[in-house]
Amino acid sequence: MTQTEQEGMAPALEISAWINTTPLILSELRGKVVIIHAFQMLCPGCVTHGIPQASAIHELYKNEDVQVIGLHSVFEHHKVMTKEALSVFIGEYGIRFPIAIDRPSEPSSIPTTMALYQMRGTPTLIMLDKQGYLRLNHFGHMSDLQVGSCIGRLLAENNEALPL
Amino acid sequence: MTQTEQEGMAPALEISAWINTTPLILSELRGKVVIIHAFQMLCPGCVTHGIPQASAIHELYKNEDVQVIGLHSVFEHHKVMTKEALSVFIGEYGIRFPIAIDRPSEPSSIPTTMALYQMRGTPTLIMLDKQGYLRLNHFGHMSDLQVGSCIGRLLAENNEALPL
Amino acid sequence: MTQTEQEGMAPALEISAWINTTPLILSELRGKVVIIHAFQMLCPGCVTHGIPQASAIHELYKNEDVQVIGLHSVFEHHKVMTKEALSVFIGEYGIRFPIAIDRPSEPSSIPTTMALYQMRGTPTLIMLDKQGYLRLNHFGHMSDLQVGSCIGRLLAENNEALPL
Amino acid sequence: MTQTEQEGMAPALEISAWINTTPLILSELRGKVVIIHAFQMLCPGCVTHGIPQASAIHELYKNEDVQVIGLHSVFEHHKVMTKEALSVFIGEYGIRFPIAIDRPSEPSSIPTTMALYQMRGTPTLIMLDKQGYLRLNHFGHMSDLQVGSCIGRLLAENNEALPL
């Protein structure tokens, strides 16, 4: 599995607006596995693979201790990937999971959370364990089998054996 | 997740022949998660979804504590799904993981292992944990995300936190 | 095949800007089969099926008498599906065939060419024969097999038998 | 388009048995476009792509002048790809179009029709025009767009303009 593992607690998300939810705070999600899908609405790999995968995770685990968050981390073409455009995209694509807009960081083109997590581009898949530690920070596509396996491992940590 | 959970240790496999491997004994696989994909070579759902999924599991986990076994459980059309036909199938489809032929149980059309595990048909996906307990016995298709998640949970049991 | 056939010559396209090409005039394309794929850049069915299909047609027939034109017919969310946004979309998705922007028709939300052709939404697939007659005006998805068959018929009209 | 074009009338099919139909004679199919999909039931490319494509052609054109024929041309593993095995395969996969078994030609492993048409393997796609001339003899995969286009051209020959 190609991935970047980083030590320590995941930094707080720096968010300028939330869609589909009231604001979520990582430190209040202890006890849940947190899946952050960083994307751009005009990134083909995100639209074709990443968003459908994040939606599938959201649907599969919505009654379990998993929180999916879409993070709109715009680092190029800022004028056309606005909040208004993102809202249309979310509506047209029928996305139901919480979406956070990564806080711009002028004069840098890289938004704040993207910089904090040292992401290399979009799509990036980030996973936090139930204690809030950063456990996966992966740039590019991962297969559903790999993603499911990572989530399963994180769900099983610090638990008695679970029903599958 | 639609699944059948059954209590207790998984029964030993009753096998008339092995392909791609020397004989495997479940009781000697303690410490490994065991994935059994029961199929028939002329079952469309097995050929289209189940076999490729089993191959992907085999490839993804071949350096980890996971053992994939294909179980050819012929319960219909016995005359044409012979060992010789199965060998051609395995060769033509390039299947590399171990394949076991479920022992016939005349006069019943249901082979021995299929009956022991009370399978309802093919494809059936069976998972054993590292202690050899039967943890999943699922008839029909499961998504890669679900399958990966189950394997991840079983890998994480009785371990310190693993790298993902 | 669900389709709307309309009599007569295809109306001229009313276009405010062209991308990937100098302006194309339907009346100057006599002798070619013309395929117009009307889309919106934030329409999921267009992005997932229509645009890849139009690209495949463009690639398959680029040395033959077929002209593919993408027509950006924005009838909703005008503020975010601007020319600037479309240019980013075309660049990110690597679209190589000619794209025309349907001329806005204020105060109507329906752009001019969309109204002229009485389109019901996006994606819409339009085909003109070599004489410029409107032969197909189809709202929604068509399979590659159907689309290929329509193009093949139009290519064969008024010709001796062609090599396939 | 990679293809082999051969001159002249298509040879008569040499068939040992028919399934899903009474016997079909090429010379009695004048006026129809004939699509012959040569396959083996244990050829992965045939099962994954060729058979579904032939079924889609059969469904799309069943009310038009197109006759789809599946030709089981066994040139290897003859002992396991028997008529009985093929019948099971057809039943399990729900194949509805006419299937012909290519006549064995001992001592050659190549069956008679396969030799007559100089096929290089399976899958092979063969097309005859309405006069019975051999117009396409293609070894390997062709996209639905290409196949549809070829059929459309053959349907349009010697006709006034057809509705699409």
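Note that the chains are named A, B, C and D in the order they appear, and that numbering of residues resets to 1 at the start of each chain.
Heads up, the rule we're going with is that a residue touches a chain if its C-beta (ideal position, glycine included) is under 8 Å from a C-beta of that chain, and two chains touch if they have at least 3 such contacts.
Computed from a predicted model, the values in this text were never measured in an experiment.
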item	value
Touching both chain C and chain D (chains)	none
Interface numbering overlap (same over half, different under half) for chain B and chain D	same
Far-end chain from chain A, centres as C-alpha averages	D
Where chain B and chain D are represented by their mean Cα positions, the distance between them in whole Å	36
Distance between the centres, which are taken as Cα means, of chain D and chain A, whole angstrom	49
In chain A, residues with contacts to at least two other chains	none
Interchain pairs in contact, sorted by label	A-B, A-C, B-D, C-D
Chain D residues within the chain C interface of the complex	1, 3, 5, 53, 56-57, 60, 127, 129, 135-136, 143-157, 161-164
Chain A partner contacts - residues on chain C that touch it in the complex	42-44, 47-48, 77, 79-82, 84-85, 88-89, 92-94
